[in-house]
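Note that chain A is present in both complexes that follow, paired respectively with chain B and with chain C.
Let's turn to the complex of A and B:
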């Protein structure tokens, strides 16, 4: 099953490299989002805490812009039925989640790098804490976004409904990740942030298990 | 019929008692409430705010239970029950948000301060709204039922985060937060036994009202569907 899931991931990855949609449209979106914030802020001083929160605003909207492609592209190209025939639901979901995780990590690394470049106040004191938050938060973001993408792909609602459905599900993750980012900017130790880390870790575990169990019901027509 | 009259009397008594009974320093008569410092007259909103908040969670839980039932048995009646519960749930959620904001104005000075529990009820409102938006975007009955059932279950899994974990960990204004010294007027028993009685009667009365409305709701949906099907088939 693992090799089949990996093969599905490779198929999606190669088609992305071929069309370069992610590289073009998503990176442009990230640049535009950061530019909008820069222009809106203008000459005002932003506190370091505010930059931490704004980081996750950009991360969230970039995710909403890019992560639904995993399933919506299958429906649009008409290959969804073929996919249903050749692989079990869990395999399909594994392949798509792997693709979205890689996409989220790439996106967020670009976002964080651009962010640190443009916002001088964004200085992380406790880098290890930020790294753990980044890791756990991105996995949670990818998994939740993938299952919601599966729902809206079948619903035929596509773009407009995706942020509406995703935001309440992602809210515990975003709120806690923003808090953890603020902690890492302030330099709080990992021992002091253990509660918030536990929340994000349990959210990840919960979402992964629930998504695998529920995906069967979405996928089978 | 008898229990409907009983429910009417119970809720009337609770509403009158909740609003009209005076709050005095040293309650002596059976119809007097004690003075809770900091809340005074505004304490009476507790009889209406807590039941609405309690019921919106109950409604969501029931919607999820019938969603699970639907996914197992594929019986559209379960979907109707889930839908009726969600309809009531969003109404009570709006009421809970409004009564909470009104109470916040008296107690904390502003209608909305993004306290963790206020954020949670707002998130619940978003979940309900998203659920109804998802339903309205799908035409096929079975697909609508199965997709909205999956979404309800996923959303319900985030509810423990909102309701139990985050408000207790983060500092906030609502009773029961991390930095709150007292657990609130109910748990701390600042209410005397009269007030507690009216409070629990209010809770019970509103819960019975909810179950009655829910039963009416899902039955009317099921009958309407049946009638539509009969009309469609009889035209041929």
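Let's turn to the complex of A and C:
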């Protein structure tokens, strides 16, 4: 991550503060998604395991509602060409990934806090394992969402294409993260969870490498 | 200031699907000055300047950019090029100053306030420098694009229909800046406007590259 990528991140951050292009959609989606789960559960008692799964459902769909905007907003407004003229593809991708990582972390911290407040069954017994899962899961989610956003930004039916294309790519990450969240709820140790942690870490490494290699081709034409 | 920048096109061709836009374009521009690209609507003027600027790929052939005899790699090309076109869009939610500041920082070049103020004055935008770009007229936006294109002193300046949306005063400022820049840079103008092409010392006519 170099100073050019950080400058691009600052440009995107200032732009987001002015336009609230992604934040409004994300906040509304988080509130609606958690409300729907609360209403549908009602007075029923749900198992702690189910709360872990539902947490990642909210995280996945919230990501689908906001993270595509990193590239979609540039294409829709016609500023993608301007970016091509001022930065190399690697700089553009790094800046956008950084922006999405910050956005994903903010979004998921809010989701987790709201979730803890509203669901009594959501009790984390191995907090360190949850923290590592949260960290690795969010990085994987941000990197994958960014490269998929770059792919769909030039397509016609962006809104439909984004979750459809994201689902198979994010499935290994989401499934393993759900499993790790269940482990942290039932108090499984890190040593016992090392296989799943290795899967998530490998997923992140693979997605970061593949994204940087692919982005040149996606960005140019 | 001497500029040893050169642009060479070798066997360049471009097709969109089955439609051939142009074929087998060869040229070398290696001295400061102004080269024009002309041809009827749909002849591929904008496509050719986009390929020269590294924005899109050609279907065949290649473009070689060199500075002081050293070939420039595509990842570094953006810092050598200034580009103006009607389809270029700057950020509406920022002011002129903010747009230019962000561009300088992302390019990792100095934000030279004196030069920016000189250019803003030259293009009659100084008094509106802190207003959001979304409040500008199309002519003002076109003038701001010129500042965007020359603020980092590019060695290659590519102008696609540079005077569209401009009034006579705006055109005069553009021609003056183009003359100034052509002393230190290679300038390529893609246009059908006679007044634009009158600045050019050589012309590439795309009608000759259709087969």
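What to note about this one:
Throughout what follows, the second predicted complex is superposed on the first by the 217 of 221 C-alpha atoms of A that agree within 3 Å, B and C clash if a C-alpha of one lies under 4 Å from a C-alpha of the other, contacts with A are read in each partner's own complex, and residues count from 1 in each chain.
In the analysis below, contacts are C-beta pairs under 8 Å (C-beta built on N, C-alpha and C of every residue); 3 or more make two chains touch, one makes a residue touch a chain.
In this text the structure is predicted, and so the values were computed from the model without any measurement.
Of the two partner chains placed around the shared chain by superposition, chain B is the only one that A:218 touches, whereas chain C remains out of contact.
In the superposed model, A:210 makes contact with chain B only, not with chain C. In the superposition on chain A, A:167 contacts chain B only, with no contact to chain C. In the overlay built on the shared chain, the residue A:151 is in contact with chain B alone; chain C does not reach it. By the document's definition of touching, of the two partners only chain B reaches A:175; chain C does not. Look at A:131: by the touch rule set out above, it reaches neither chain B nor chain C. Looking at the shared chain after the overlay, A:18 reaches chain C, while chain B stays out of its contact range.
Residue overlap on chain A between its contacts with chain B in one complex and with chain C in the other: 221.
Contact residues on chain B toward chain A in their complex (touch as defined above): 71, 119, 123-124, 126-127, 129-130, 133-134, 137-138, 143, 146-147, 149-151, 153-155, 157-158, 161-162, 165-166, 169-170.
Chain A makes touch with chain C in their complex at residues 3-4, 7-8, 10-11, 14-15, 18-19, 77-79, 81-82, 84-91, 95, 220-221. Residues 147-148, 151-152, 154-157, 161, 164-165, 167-169, 171-172, 175-176, 179, 195-196, 199, 203, 206-207, 210-211, 214, 217-218, 221 of chain A are the ones touching chain B in the complex. Chain C contributes residues 53-57, 75-76, 78, 81, 83, 87-94, 98, 102-103, 105-108, 148 to its touches with chain A in the complex.
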